[in-house]
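Two complexes come next, and they have one chain in common, subunit A, joined by subunit B in the first and subunit C in the second.
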Partner chain A sequence: MSSQHVLLSPAELSYLHASLSLQPLPLRPDGRSPTQFRPLVAETGILPGTNGSARICFADGTEAIVGVKAEVERTVQPFTQDTQTTQDEGETPAEDERRKEEVGGSDWVEMTVEIPGYRDDDPTTVFLGQMLQEALLADGEFTKRLRINGRFHWKIYLDILLISPPLSYPLPLLSLTTHLALLSARLPRLKSEGDEDPLFDDDWAASTYVYPRDNNKKDGKDGNNKVVARPPVTLLVMAVGNNIIFDPAREELAVADVALAVSVGEETTTTTTQTGGDDDVDMEEGSTPGKRRLRLLSVRTIDPPSRLTPPGVPNATNTAYTAPTGTAEAKTQDGARTLETERVEGVWKAPRGGAKVMVMAALVAKVLEKGGVADEVLDGLEAVDLG
Partner chain B sequence: MPITIIAPKPAQQRYAAPQDSPDASDSEEGDDLSEGGADLEGDISMGHRPAKKARTDGKYEIVTPGEVITDDPQWMRGHGTYVSPAATSIISSVAGTVTRTNKLLSVRPLRARYTPEVGDLVVGRIVEVQAKRWRVDVGSTQLASLPLSAINLPGGILRRRTDTDELQIRTFFAEGDLLVAEVQQLYQDGGAVLHTRSLKYGKLRNGIFVAVSGMGGGGGVVRSRRQVWTLDAANGGGQIDIVLGVNGYVWISKHVEPVLAEDQKTTPTTAGPITNAPTTTGITNLEESVSATMYSSQNDRIEVETMREIARLRGVITALVENGLRVDEDMVMKGYHEAVEMALTYGEGGQDDVYLGGERGEQLAAVLRGR
Partner chain C sequence: MTDRRRINGPVGATFPPVFVYEGEDAVKETKKTRSRPPNAIRKMYLKTGVTPSASGSAYLEIETSAKGSGSGLKLSCTVHGPRSLPRSTPFSPHIILSTHVKYAPFATRQRRGYLRDSTERDLGTHLETALRGAIIADRWPKSGVDIIISIIEGDQDRESSKAEGDESWDMMNALSGCITVASAALADAGIDCVDTVAGGVAALVRNAADDSVSNIVIDPVPSEHEKILAACCIAYLPTRDEVTNLWFKGDLGASDMELYTSLVEKGIQASKYANRVLVECLGETVG
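On to the complex of A and B.
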């Protein structure tokens, strides 16, 4: 999936690539360290008509708002009579049924992304929405929380709005805002019991958080988490040369060799490690109490716009360059054609070929590093006042 | 700490302090810009939106398009306002602040696109190549045009543009290329025609581009005496060129002496004049030697120190804009020297000292305001 098209001159691309692939540390155009995010302004609870909402904006004016709305929906009852006949011998139908009920369905969450200047069926928008939804549903923890009883469940509508035109690939911004909105989302307290028709408490003050927390222990003493579980975050990571860079700005992404969207969740302390699906990888890091255990939920490659950029013309083949370079004859023959040339220093050439497996592994490992970026991002988001 | 999350600033602040001087108004408007363009009142606490009457108390008022400024017929309408045919009331046509000059009412937009004027030095980006001209993005409402006849041919040859030149139009400028040019002429509808017929103008390379908001608002590039200058960078960065386009597009690059005819190898000399050059380059063939490299898209070798100082300058300019300060030679140079001094206090980290976002930018702006 291609991220947005950027128009940069070959000279700019060459400069950016050179400065980002510097060793030992890259030099980013805005001087950030490779793991540093752009400073952002965040607040929650801005929309009174929603169950939970958040707003995040960057200093450059990019701004996103997410609203979470919940609705009671009747759970579709599967036909237990029919399935009984074609059941495998491994599981009893009742067990299977209960598991299905507890986990919930992926249609319990509806996510829409709106980006100004893009149609809502534009591939970019759809891809962004799917990526965020996938991360949220990957571990099945979220839909479990939406179950009211055997017959009813909450249906969650997540409306993600980018208010400004996207100055950079908006994935991290949207993901962080969604994270905060979900953290601040509250549902009315259930008064009824069992499989009755649900009846809720009118008092909003008595409502419960979707992601429950411990209000008394503000600073999370030994073994006590402040927020018991957390929604996932999706981070954008890219590689240029041998450098790994987080939260790339638009012009940085334009020279990326590889770009990955890595969704990271937090393993809840109560559940035991279970083997996940195909793209679920558990990080076995020892269960120290009070420390979070990160869990990789999904990885998507983002097609970096660098592949579509036009190559620079080296002086040796540039007809408009008349300073003597020693190869004047070759120049006249080549004419205006852009030739496949060897890499010349200072001339931009778009990266070719796919991403190396080693690079991808390094990117993912860097995200999941203990005390690394994902850890600190989750810490930072935790510190936001969830009004 | 890789992530810094700042609590939002309270929105009502600006009503508390009515402006006394034009400077104060500039800084206040800048706060709006730093939060992202038109930051309307009440977007944080929707519950208690201040009553409309509260606005007239302070001198600082924000109006939105379509809002009636006054019904009083004694006022004359100025820029940013209109009078509907039926009524006499003056209505704002932009979002901005009301300014009163005697009996003239005008609205200064919070943020506006660049309006070209003849003689402006602009930095532009080619977005379209047509048969006989380029279409250039200069941050205006329309694309500017650069005719093939308004560029210097390589080597300074003076002749009519032929079909061959038209066929080779992409060898001069292709899509995405950045150039510095001058506004030569304006159309009735505000579209600009550019030219690059000077040794100062042409394609840009060896550096980095940053777009800041143009006219309007407190911040941004203002028209000034010098828009292009070369500075001696600190920390062994060599010489750095800065081009402040009036349209708010800025180019920061390594200063490169022109390649001269007798140099077989294209070794750029950064410091000082070339010693053996003046023998062959006189006033008569200056154009020839300078414009030879005009259409090159190959960067020269740039030292790490230079890159660091270029990044620092970019940080200074971004910090100025985000904090609503004007961007001109004076401010950039002051800000740069301040940033270099500030970097010493960030200490031994090495790489980290270039960063000027967030709190550091505010610190820098506070120091510059204090001067």
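On to the complex of A and C.
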């Protein structure tokens, strides 16, 4: 991202910064409200060769495709004290089973991000991939779903492709697309039992969803079955002055004081294979907007590109304008230090230093707020036809 | 991209088995617990100017947590620059920062290759974010600086076989060390910064398996705790009271915002302690 130049002059940057820090409401270049996302088009199940896929197209023309592929892989059994002692003691099989189930390797998921114009080992690409992977693995629920039996597991390959050039920081787009692709991902039904070599049903219609759904419940107008659990979403949020702005476009990010990527998951009180009265009640609560119990999974500071923007020259020091040329020599020698303390109104200067702790806390709190943006986004994604 | 020009070790390497000698009791005894109070960091050794050929350099060592084997975190950082950019690079009004973090192949239990993998690149990006806030970048237009950190020894307990899956939490400790050592090396190179930035880690841990009480400790060692629920690494500028990099990872309910806030506060506290070591070390060099 750091190499991504925004072609805005210092004067434009200053204007943009001023309009985005207006009180009580910022004036965004595209007329959105501070918490409004860009409109998007989403569809799932577009790639027949994958276990699950999704495509999202933002109104500004950025478009991403995600394909989920799964392979059966042998689980590495490390020779540890633990296995040794459990065998010696002859612990109950249930206990043993539980312990095994808890283990899910972070290497069971492989995520690659491809952005046109960037090398695959570019820091930006790696950073995006790691961030999305971190959120997915944070609660440890996802890897549990990939377990087949004690000896085998599914290895999931998530290939994220940005088709359009990166017109804005692609994090929200990639995260939402990954979310939908995972929701639509299906794995063949297991026919074998216990720790035998896995044998699968070749009827694709009988396949099960990675994120299971409740067949008894229909979700609103689309007739989707209700999804019990959902993968996390990562939101990009930034602060300019005293304003908090969601889903910033590229120009807006160029004047950000601080930018955070916040990953949010939804709490699942139900287990993966549930049938019972209590669970239904829980899910009912979860589905009502504003009643969703969110979980904070990860927060990362994004290096705002504003630090790399060219500074403006105030008239007082501009020799081409009014500043006396005679004393300019003395001024620039001594000036380097004095220039930094003053901040002239209307002249752009790249922000320096970090962000106040309170600002960062406010950003995170705003994301997690009940009935806030995270809720809204998850509601919006629920409406997508999962095929 | 694979490493084809070097003779690498075998791929299917295994760990040496760890045998249990004296039954169940011995296992219980070897399980480590935290001996420090929850708000104390481990002892730290920092020295600048260790690499004469670089413009600035620093070496950081953190006290070991393992009994017997002396393997704490050992980091060496060199700063090259500021120097002019190659002719082909477009004009930049600011200094261009490039950070490399590399584990030595022998630094961790699992051997690392010579090429940087995604976690190392990720660490590099975090470090860049942390330092960019501290450096006064517009004093060096058209120039670049390279910050190279080699992790000579990772903070991993070789004796314990249970420490599987702790690597992701070790990354946080490594990052905080990287931030502190890079800050010292930048100061040694004479690159203007708004303040010395130092890293600190705080974690929400659970000490017993069936214990529902979780508490916050600073500078956590993953093998000393039963389970780490969440951790946060902070890069903090003490005189400006600002955070240049915040990295939180874990699983916290949205209703536990107080926990999150106190985790960040403890991270800042850890960073302040590290900063004290840093300032003292730089004072020694000057004085």
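Everything below uses one rule, namely that the second predicted complex is superposed on the first by the 310 of 387 C-alpha atoms of A that agree within 3 Å, B and C clash if a C-alpha of one lies under 4 Å from a C-alpha of the other, contacts with A are read in each partner's own complex, and residues count from 1 in each chain.
Here, a residue touches a chain if its C-beta (ideal position, glycine included) is under 8 Å from a C-beta of that chain, and two chains touch if they have at least 3 such contacts.
The structure presented is a predicted model; accordingly, all values stated were derived computationally and were not measured.
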Clash or fit, subunit B versus subunit C on superposed subunit A: fit
Touched partner set for A:G129, first subunit B, second subunit C, both or neither: second
Touching partner for A:P29 - first (subunit B), second (subunit C), both, neither: first
First (subunit B), second (subunit C), both or neither touched by A:A42: first
Partner chain in contact with A:A205 - subunit B first, subunit C second, else both or neither: neither
Partner chain in contact with A:P310 - subunit B first, subunit C second, else both or neither: both
Closest approach of subunit C to subunit B (Cα atoms, Å): 7
Shared subunit A contacts, counted only where both subunit B and subunit C touch the same residue: 309-310, 336
In the complex with subunit B, residue positions of subunit A that touch it: 7-12, 14-16, 18-19, 22, 25, 27-33, 35-43, 46-48, 55, 57-63, 163-164, 246, 251, 309-310, 312-315, 318-326, 336, 344-348, 373, 376-377, 380-381, 383-385
Subunit C-touching residues of subunit A, taken from the complex the two chains share: 2, 5, 78-82, 84-85, 89, 103, 105-106, 120-121, 123-124, 126-127, 129-130, 134, 138-140, 260, 264-265, 267, 293-303, 307-311, 336, 340, 350, 352-357, 360-361, 364-365, 368, 370
Of all residues in subunit B, those that touch subunit A in their complex: 1-9, 33-37, 43-44, 46-47, 125, 127, 154-155, 167-168, 170-172, 174-178, 203-210, 259, 261, 263-264, 266, 289, 292-302, 304, 307-308, 311-312, 314-315, 318, 322, 350-352, 354-359, 361
List of subunit C residues in touch with subunit A within their complex: 1, 14-15, 17-18, 20, 24, 27, 90, 92-94, 116, 118-119, 121-122, 124-126, 128-129, 132-134, 136-139, 161-162, 164-165, 168, 194-195, 232, 235-237, 240-257, 260-261, 264-265, 268
